[in-house]
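What follows is a pair of complexes built around chain A, which joins chain B in one and chain C in the other.
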Partner chain A sequence: MYILPKKESLRMIAALAEDYDLYGPVLQDVSGEPLFDRAMDPADVRLDAAITYNPPKGVLFPQSERILSYRYDRESRKASIRRDDLVRPKALVGLRSCDLNGLLCLDRFFLGQEYVDDVYLDHRKKMFIVANTCVRPFPQCFCVCTDSGPSAREGFDVNLTEAGDDYLFEAGSDKGEALAKRLGLKEAGPDASARKGRIVDASIARFDAEATENKAWISRVVNRITTGFIGNEVWEYVGDQCFECGACAFVCPTCSCFNIEDVASGEGGADRMRSWDSCSFEGYTRMAGDHNPRKPVEDRRNKRFFCKLSYTQSKKYLRPGCVGCGRCARVCPGDIGLPNVVTYIRRETTKAGTR
Partner chain B sequence: MNDPNARAIVTVPEIAVIDEIKDEIEDVRTFYFSFENQEAGRNFRIKSGQFVMCTVFGAGEFAVSLPFSPENDRLHLSVRQVGKVTRALHELRPGDKIGIRGPFGNGFPFEEIKGRNIIYAAGGIGIIPLRSSIVHVLRHRKDFGRIILLYGARSSKDLMYRYMIDEWQKIPGFETHIGIDRAEPGWTGEVGFVHTLIAKASVPAKDTTAFVCGPPVMFNSVIQELLGVGLKEDAIVSTLERHMKCGIGKCQHCAIGRTLVCTDGPVYTYRQIKTLGEQI
Partner chain C sequence: MSYQTGVCNFCGTGCGHLLKVNDGAVRGVFASPGHPVSRGRLCVRGWHIHELLATGDRITAPLVRKEGRFEPVSYDEAVAQAAERLSRYSGDEIGFLASPRASNEDNFLMARLARDVFHTNNIGLASDQGHGAAADVLLEGAGMPAMLGTLTEIRKAGLILVVGADITRLNPIVGSEIHLAARNGADLVTLSSRRTQIAELSRKHLWLRPGTTKTALAALAKVMIRQGGHDTEFVRNRTEGYEAFVRSLETIDLDGIEAGTGLPLAEIEDLARRLSEARSAMAFFTSGIAGLDHASVALLYDLFLAAGKIGREGCGVNPVTGVCNIVGSYDVGAGARFLPGYRRAGSPDPGQTPRELLAITPTPLKAVVVADRDEEIVRHAAKIKGLECVVYIGAYANAFTDFAHIVLPAATFAEADGTYTNAERRIQLNRRKVDPPPGVLPAWRVYADIAVRRGAARTYASAEDVMADIAASVPAYSAVTYPKLEKGFGLQWPCDAAHPEGTPRLSVEEISGKLKFVPAAADFRAPAASEAFPLLLMAGKANYFWHTNNIMKKTHIPKREYNALLLLYPKGFVEVAAADAAKIGVRDRRPVNVVSAGGSMRVAVRVSADVKPGTVYVPYFIEDMVPGFLNAFGAAVDEDQDSVIPVRIEKV
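Presenting the complex of A and B:
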């Protein structure tokens, strides 16, 4: 471990900006809200910002992007297909542990199954990740319930932990070590790990008092969701509350459903666009000819929570699909963010137990 | 696969040319095609029961089952025009180009069912995905017991591949029972829904595997009848369809129960279908 004085953190970010497109928490001009976005100036990256409104998934999996384009001339019958080169070196600076865990879920899903998603792979190539330990929780957080924070354990090139006027700089890869050497950072000494451990423990201790918005004892419901032993009235209630707006999916670090559409670009050409989709939308499963096997909204809501919390899906992510960032609970107009649904299922279980 | 760049790019279609178009029944046409790039054509190996994603340039991409046999058969797709993209496909003429990605999916069992009696039960255009297996099994018919086709459609005009069935009926040992829902003048085949053909064919219960494909109502009645005869739940095989966007297990549109139709299916046994907990 190394010491990065806080006042030198800009030097680290500027060094990364020389080799990478820079992304991190930046404050929105008007509202001052922290967003995870492209930073044109290294000074715009705010390591002290609160958890960002959106997860970083859009950097690897943009909300809408062209994955290929083609041209077909019916006169000459000549067809050509062009695949876009999406590989750009990107540095993600200031990732919270929940979001890094979400990104690792996406990695395992897009790259670790039967087929490798070559579009995602292109985005993921040549990436540098600087994680940032949460030395105190935010009100919405429940990463301690989902075992994904407050400090990242894997997947980073560098992990920073705020310690007084310094950051403890932990290299997680050769690239991270090289950055420490390049910046000429000094070694943090033999007690650094213990010091970091104390900071993380203190952060965890603050969850009860400060992270008051959400609690989700997901381990209690994983089995029920996997086996489907949940009363239909729970899903009906959740379905009644759902506005089918899709916001939960869009702010979720691990939701990755997408739609594909060919959009005409003129002169017999078209762009094949891939964009975020949500299983809460009615058209999601509708087939040509209008047959829709999954019509009622409660069927669709049931699906989202199965995806987040079943063992079946955990096998794809190698952990639960929820990383405890609390964003779905913040954006849901129907008050059925994941922690609340977990609570409904637990209540039902408790009632059944006393019957 | 040492070089990661050598991996096949699964999101980019291969260009194919439509060589011939055949009108089948109303709204259904068969498109015979070949790949523009001959090497891509040679590398295109399928299992019966798999599917491809077909691009109609300017309109989009759709998932479609493969009717041709894995061995020595002309490449073709039989498609009903039912939505935006399939309608655009029907606008195309011989010489037009399309895009093909795949094949994807698990496919029907073949080696595993050698030595068994095989029942094909199809309703309407449900015979399209089964054709691949039928042709494959008939070509190896010495390896199988009785081979029976039970095929039904609303009327004689709705029977797919009749010219082909006429040829198949000449194959010794291939039993066919073709039915339509209501009697028609001049019709000499059976009259009645597909499930009623099961008794007429005296389907054997022992060592029998059944392949079932058709609309949900037909599917359910056929399954009940086959179970009644004594077939085991895992000896009844079907292929499911879902809205699909990627074909490679990523877009998640085809999720059913805990599985994805594109990578875990499209072929499921009835035992599996029962545990999915969703509508067919």
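Presenting the complex of A and C:
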């Protein structure tokens, strides 16, 4: 571990900006709220910002993206297919641990199965990741319940932990080590790990009093969701409150479902667009012949929480599909963010126990 | 930062959004966390507005029809031709159809073009009937011709009454605020003839017989007054016309109320008691696309006035607009019968809307200027086709362009500065975020250029310059400036010398005069079923209607969702309760004839738990069924949402 004095953090970000397109928490000009976005100036990256409103997944998996374009030439009767060059080295600076875990889930979906998604892979190539330990929780957070924070354990090149006037600089890869050398950082000494441990423990201790928006003891419902022992009236209670807006999926760091649409671009050409999709939509599971295995809204909601919390699905992600960021609860027009749904399920199991 | 703040352009909620702009194009959208109304939420439409803005399906060049075919011409030539050809018409030969999704600046200059240059008051919005009724009542009664409360106080309401509206579909974020208020303890009651999501989420759904909204509202008022539940002090000190209002309720027969409305008297008594005992109360109904008629709005307003639930925190009678700038369009004089600032149009005559002129046979209309709409086309396609001169100004091609003689492209809301006024009177500024296609101008500039061709002296340098003229013409906007709007999340009118930072809601303390009870002049007779026509048919646009679907069809995900329904019922459907379907002997998706005294149409059956036995529902916006439906039932459904037609359904 190394010491990065806080006043030198800009030097680190600027050094990364020499080799990478820079992304990080940036403050919106009007609302002042932090968004994870492209930073044109290293000084725009705010390591002290609260958890960003949008997840960083849009950097690798944009909301709407042309994944190829094609053109059919009538005269020569030839079709040509073109792919945009997406391999641009990107540095993601100031990633919160939940969001880094979300990114690892995306990796397992797009890259970790029998089929490898070339478009995602192109975005992911040559990436440099600087994680940022949450030394205090935000009101919406429950990563301690989903094993995804407050400090990252894997997947980073550098993990920063705020410690007084310094950051503890933990290299997670050769690239991270090289950056420490390049910046000429001092070794943090033998007690650095213990010091970091104390900071993380102190952060965890603050969850009870400060992370008050959501409590989601997900381990209590994993079994129920996996086995399906949840009364239909719970899903109906959830389904009645679903406005079918799709927001929970759009803000989720691990949601990876997408739609493909070919859009005519004129003169025999078309762009193949990939965009975020959501299992809350009826059209999402509709099949040819009008068959829909998940037509009622409560069945579609059921699917979402199965994907986030069942053991079956966790085997694919190598962790629960929820990373405890609390965003879905904030954007939901109903009252069915994941933490609340966990509560509704627990309430039912408690009731069943007293019957 | 590629995210830029703006206002969603779909419904009248006016949610804040962040448009992601990269390389000069809109690539995405995110909810705006700091926005006081939407607080980081958007609906399915709002989450896909970038798909609409990315469509290649635009009008990009001025076109003039020559010998039946469109030919591209220069902008100057198109403007010159429009100015010259329109000048041939006068009186009821010419009309202007404004767009309720266009900015205040656009609509203000369109209204000026109509009145100052072509000397006609024949201007309207097509979807203005519902809002016109609400504006009339609230102007007469409270002097504030729009929402009396504010959306940001929904969570302070003790009781919330939703009348008719399928509000979680039409204005989802308003529906969300209402739902979250109810989760926090507000008493939520829905009064409607059809089950909706908000009815499901309510503590109580008063499931009315179709066509009896007025009767139920009048009965509520009568019961409350009989219970002594009206706010006597408030009524005495703050209102006038109460005695006449009480007298007008004399004809309401409470003993027959269950037979008439389907609601037991005990339930009406319970709601009346809750309304008077609530510390505060709000009423919501849809205006604009398919709202309540004048009498219903008046009775609802009078009921809340008697209860003392107007002009106080967490209170108000609140029309919610279905399209983003209906309120603003009225404010600046593009709605029917109002000049800018809600002065009554009178000289030379109050004017008729293009919708009204087209309804006359034969229509006196010969020329029409249309902005960005296609709603009227389905109703009056044949008549519009026969017009001598149709000038279409808009961003997207649609059915109207096929009948146009001159087409002028216009910038979208993301390509031009402009202000939009949401349902709660919040004037919000959308800044230009991307460039329009080469040569394409904001619509206000096109109107100004046509006016200059006809000799107008005034020119405008910018949208901000137009706003200065609006501020000079509309008293409630007199203190509105772009720099002020830019600083925060808009200003709620009246925004004038006395209220430089705007007025969130009506406040009794500030009113010098008195609030007036508005006479309802209601006809309480409702069509009844008979042996020949045993079912009561409701027609609505509420469910599944995503604004002019012409717009939604240019998106990807919302289009897919809309099509999911249309694939099942491609020619439209009639919703029938399971018990009635069994009686008729039909299953879901089987064709039937819906027969009334006036005609018949063939549609598919959709078996639904959302209608009660004895009632059926037709969503008449589905394009294929509109001509058939309107031919059969046209006049009966033209007036308002609460219209009801007795029918029978025959198996085919």
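Following the convention adopted for this analysis, the second predicted complex is superposed on the first by the 348 of 355 C-alpha atoms of A that agree within 3 Å, B and C clash if a C-alpha of one lies under 4 Å from a C-alpha of the other, contacts with A are read in each partner's own complex, and residues count from 1 in each chain.
In the analysis below, contacts are C-beta pairs under 8 Å (C-beta built on N, C-alpha and C of every residue); 3 or more make two chains touch, one makes a residue touch a chain.
Given the structure is predicted, the values throughout are model-derived calculations rather than measurements.
When the two complexes are overlaid on chain A, chain B and chain C sit side by side with no clash.
Contact with chain C, but none with chain B, is seen for A:Glu244 once the two complexes are overlaid on the shared chain. Once chain A of one complex is fitted onto chain A of the other, the partner contacts of A:Asn101 are absent, as it touches neither chain B nor chain C.
Contact with chain C, but none with chain B, is seen for A:Tyr53 once the two complexes are overlaid on the shared chain.
Of the two partner chains placed by the overlay, chain B and chain C both lie in contact with A:Arg286.
Using C-alpha centres, the superposed arrangement gives chain A a vertex angle toward chain B and chain C of 80 degrees, stated as a multiple of 10. Once the two complexes are laid over each other on the shared chain, residue contacts for A:Gln140 go to neither chain B nor chain C. In the overlay built on the shared chain, the residue A:Ala270 is in contact with chain B alone; chain C does not reach it.
Legend: residue contacts after superposition of the two complexes on their common chain; A:Ser151 is shown touching neither chain B nor chain C. By the document's definition of touching, of the two partners only chain B reaches A:Leu68; chain C does not.
In the superposition on chain A, A:Asn259 makes contact with both chain B and chain C. This overlay, made by fitting chain A, leaves chain B and chain C with a least C-alpha separation of 9 Å. The contact surfaces that chain B and chain C form on chain A in the two complexes overlap at residues 259, 261, 264, 277, 286. Within the complex formed with chain C, the chain A residues making contact are 26-33, 35, 37-38, 44, 53-54, 58, 62-64, 240-241, 243-247, 250, 259, 261, 263-266, 273, 275, 277, 281-283, 286, 290, 330-335. Contacts from chain C toward chain A in the complex involve residues 1-3, 5, 16, 18, 20, 22, 27-35, 40-44, 46-47, 50-51, 54-56, 168, 172-173, 175-176, 179-180, 183, 197, 200-201, 556-557, 560-561, 563-564, 567-568. By the touch rule above, chain A contacts chain B in their complex via residues 67-68, 70, 72, 74, 77-79, 81, 83, 109-110, 113-120, 228, 256-262, 264, 268, 270, 272, 277, 279, 284-289, 293-294, 299, 303, 306-307, 310, 312-313.
Residues 7, 9-13, 15, 17, 36, 55, 57-62, 82-86, 95-97, 99, 241-243, 245-246, 248-253, 255-256, 258, 263, 277-280 of chain B touch chain A in their complex.
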